[in-house]
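Let me begin by handing over the structure; questions about it come next.
Chains here go by letter, A, B and C, matching the order in which they are written, and residues are numbered from 1 within each.
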Amino acid sequence: MKPSQKTTVIATTVLLLCMAASVLLLFRIDRLRSNATLEEVLYISSPKALKRMSLGYDGLLADIYWTRAVQYFGAKHHAGAKSYNLLAPLLQITTTLDPHLIVAYQYGGNFLAPEPPNGSGMPQAAVDLVKYGIKHNPEDWRLYYQLGFIYYMELHDYQHAAEAFARGAQVPGAHPFLRILAGQMADKSGNRQTARMMWATTFETTNDKSIKYNAAAHLRALQAEDEVTALETLVARYRETTGHPPASFAEMNAAEWLHGIPVDPLGHPYKLTPDGHVELAVPDDFPFVTRGLPPDFVPPEAPRVLPTD
Amino acid sequence: MNSRIGLIAANTFREAVRDRVLYNLIAFALLMSGASILVGQISIDIERLVVVNLGLTAVSLFGIVIAIFIGIGLVSKEIDRRTLYTVLSRPVRRWEFIVGKFVGLAGTLVVNTFFMAIGVFGALLYVAHHFQASDKWLLVALYFIVLQFLIITSLALLFSSFSSPLMSAVFAFSMFVVGTFAEDLRGFAGMATGVARWLATGAAYLVPNFSALNVISSVAHEQPVSGHLMLYNTAYALIYTTMAICGAVLIFERRNLK
Amino acid sequence: MAAIEILGLEKTYAVGFWRKRPKCALRPLHLTVEEGEIFGFLGPNGAGKTTTLKMLMGLVFPSGGTAKILGMKIGDPRMQAQIGFLPEQPYFYDYLTARELLEYFAGLSGVPAKERSSRAAEMLVRVGLKDAGDVQLRKFSKGMLQRVGIAQAILHQPKVVFFDEPMSGLDPMGRREVRDLMDQLRQEGRTVFFSTHILSDAEALCDRVAIINLGELQGVGAVADLTSSVENNVEIIWQGTSIPQSLRALGAECHVAGDTVRAIVREANQDAAIEALRRERARLISVVPVRTSLEDYFVQKLKPAEAAAGVRR
C-alpha cells in the first residue's frame, strides 16, 4: 500500500491555490486596514499603562511602535498628505516604552514640528517630546541640539535656542558646531549660513535615512538659494556695467563674467529670464527652496522621488 | 464518507466535552468577565470600556489556549496511545480522520465561545444596565475571535500530524504571537533589504493574519466594523484553515504509524 | 480465493539520528492463508510479527512487495469493511464507555445506524462484558480491555479477523474463553490470523502456522506436519530397577522411579531397544510414541538462526 495518489494530488492543488488566494486577500485586507491598527493608538489614553501591560517586553513593543511611526509618516508623506495626526501619539508611546530610543526624538524634531505637508505642524509637541528625551538622557548632546533646532527653525525662539545649544555644548563629546550655533543665535535674522550649519549637523549626526534625506534636501535648497542670489547679483552688475541685460549665461561666459554655464546642485543649468531673474530648471526637485522659483510656480501635490546624496 | 466524518467529529466533540481541563478554562474566562466589573468600577466613565476590553480579551486568549491544548492532542495523542490503530484499520480514509477531527474541535470552540460570550454580555448588562445599538459590534468582534480559533486549530492540527504534543503546542503558540503582529511584520519586510527582505516577506505572508481579526479596541470604543472587512476576513480564515488542513492531510497520509 | 496473500512484503527502517543506518524489520515474506482456517503467526518478540500485521492493516507502508486480503489491495475500503483488527495491548478512548466505543466503531465500519446499539449489546454479551457496558473504559482492567478489543474486531461480522497477541494479559480462564471464541469464529466460516509467542495456544488452535524469526520466515505448514518432521521419540516403560548397558549404548534417556524404569529412545532405535529389554527378560509395561511439541520444533528451527545471527552480530 502506498499513500493515496488521488488524495495527494487534490490536497497539494488545493493547498497551493489557497496559498495564492490568501496572499491576494492579504493585499486587500491590508489596504482596507491601512490605518486601523494605527488609529488604535488614539485609544491608548495612557502610554504608561501600556508599558506596564507589556510585561517587560517594552523594548520590543517600542521597536514595533517606532516601525509603525516611520511607516505611517513615510507612506502618508509619499502620498502628499496634509495632516499627520497620529505621528505625535505614536512617538509619545514609543518613547514612553523606551525612553532611550534617541532616533525617535530626532524623528520628532524633524517631522513633528514643520508645517504640513512636510510635517505634523506641531512644534510645541516636538519640544515637549525632546524635553522628555533630555530628562531621560541628559548626557546625550544630540537631544540638546535637536531642541535648539526646533526652537530656531520652527518657533523662531532664538533665546531658547541659544540656551539649548549652550547646554548641549557643555556635554562631553558634543559636536563643535554647538558652541558656534549658540553664539550665532544672537543674529536674529535667521541667515542662511546658520541654517546650513544646522542642516549639515543634522545630516552628520543621525543614521536614520529619512532624516538624512530630509536634511540633504534642505541643504540643496539652501545651496540653490545662495547660487540664485549670487547669480542675480552678478546679472545686475553686468547690466549696470554693460548697459544691457545679458541674453543668456552663454553671453556672460563669453564675456568672461562666468566660467562655464552655471548648474544647480542637481546638475541642471539655471535659466536666465529676460528681466534678470534666475530660475531653477526643475523647481519640483527642490522642495524647500524659496528663491529661483518661476512666478506662476505651484508646488506639486506629492513629493517626488529625488536623487539621494 | 460524510457519515464517517460526522462520526469522527461527534466523537471529538464528545472527547472535548468530557475533558475536565475545558471546564476549568471556561470557568477562568467567566471569572475574568466578572473581574472586569470590579476593575471597571475604579473609574466610572470607563466601566463599559473595561468590560468589553477585558472580557473579549479573556475570551480570545482562553479560547486560543483551549484550541491549542486540545488541538495538539488531536493526532499526536492518538498515535501515542495507539487508539488510532483500530480506527484506521476500518474503512476510514486518513483524510476523513483529519477533517473529522477538525470539525469536532471547531464545533467545540464555537460552543465554548458561546458560553464565554454570555459571560461578557452578562457583565456588560450589569455595568451598563441596558444594551445599546453599538453593542452589536461586539458580536462581530466575537465572530472574528471564532475565526481566529479556526485558524489556530487548523495549525495545531497541522503541527500535531508530525510532531509531539509539546512541540506542537510551542509551534502553534508561536504562530499566534507572530500572527498578532503580522501587519507589522509586513511593514518591516517592506523596509528591509537583501536576504532579510525575502525571508521577512515570505514569513509575513505565510503567518496567519491575526492582527486584522482583532477589533476589540475599536469595538470597545463603539466603532463600527466595515462590511468589506468582515467579508475579507471570513474568506481569509476559511482559505487559511483549508490550507493548513491540506498540509495536515498530506503529512498524515504519509505517516508510518510505528 | 485465498483469504490472505502476502507477496513479498518487506520493511526496512532507517535508524539513527545523523547517519541513518537501515534496519531490516521484515525480509520479503511470502505467505498464503486459506479461507476458513485459523492461522498462527509465531515468533519470539521482535521477530517482525507486529510489523507484518501493521503493513496488512495499512498503518505502515511496506518498503517492497504487496499483499491482498480477500482478493483486494491493502487499504481498499471495501476490503477494510470486511476485516477486523485487534492490536497488541490495545488502548481505547478512555472517556467513552464500552457501549459507546462499540457503537462508534460500528458506525465507522458501515453498520447501519439502527443496528448499531443492538450489535454493540450483542457483542458485549458475547465477550462477557454484559454488566460493564456503561462503565468508562478508563476504569477497565487489562483483561476487560482485551475483551472490548475482541468485540470491536468482530462486531461488523468481518470475513477475516487479525489478532496481535490476543492472549496477552489474560488469566487462564480468559485465555480459554478467547480460544473458544476463535474456534467459534472458525465454525462461522471466518478466517482468523493471529500472532503469538505462546506456542501451546497455537498448537491447540491452529490449522496451520508460520514461524518467523529476526524478520525471516523459518517454516510454514500444518502443525502435525511440522512436528512430525522432527525426529520422533518413543517412550518405553518396564518393570525393573536397573538400566541395561545395551540401552545406554543406544543413547536412551533413562529414569528410575520406584520399581519402574522409563526410557526415551529415538523411534529408529525402538526395535533395538525392545530387543535389548527382551534379552534382559524385562517385563515391558508400555511402549508409546511421544509427540514432539511445537515448542521443540520452534526451538530447533530457531537455534541455527540465532546462532548464525550471533556470529553475524
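We take it that contacts are C-beta pairs under 8 Å (C-beta built on N, C-alpha and C of every residue); 3 or more make two chains touch, one makes a residue touch a chain.
In this text the structure is predicted, and so the values were computed from the model without any measurement.
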Graph class of chain-chain contacts, one of line, ring, star, complete, other: complete
Closest chain to global C-alpha mean, per-chain Cα centroids: B
Pair exhibiting more inter-chain C-beta contacts, B-C or A-C: B-C
Intercentroid distance (Cα basis), subunit B paired with subunit A, Å: 43
Averaged-CA centre spacing for the pair subunit C and subunit B, given as whole angstrom: 49
Interchain centroid distance [CA atoms averaged], subunit A/subunit C, Å: 85
Subunit C: positions in contact with at least two other chains: 58, 61
Residue numbers of subunit B (touch at least two other chains): 93, 254
Sites on subunit A at which at least two other chains make contact: 3-4
Complex interface listing, subunit C residues touching subunit A: 55, 58, 61-62, 73-75
Subunit B-facing residues of subunit A, complex: 3-4, 7-8, 11-12, 14-15, 18-19, 21-23, 25-26, 28-30, 32-33, 36-37, 39-40, 43, 64, 67-68, 70-71
Complex contact set, residues of subunit B against subunit C: 3-4, 7-8, 11, 14-15, 18-19, 81-83, 85-93, 254, 256-258
Touching residues on subunit A, where the partner in the complex is subunit C: 1-4
Parts of subunit B lying in touch with subunit A, wherever the complex brings them together: 93-95, 181, 183-184, 186-188, 190-191, 205-206, 209, 211-212, 217-218, 220-221, 226, 228-229, 232-233, 235-236, 239-240, 242-243, 246-247, 249-250, 253-254
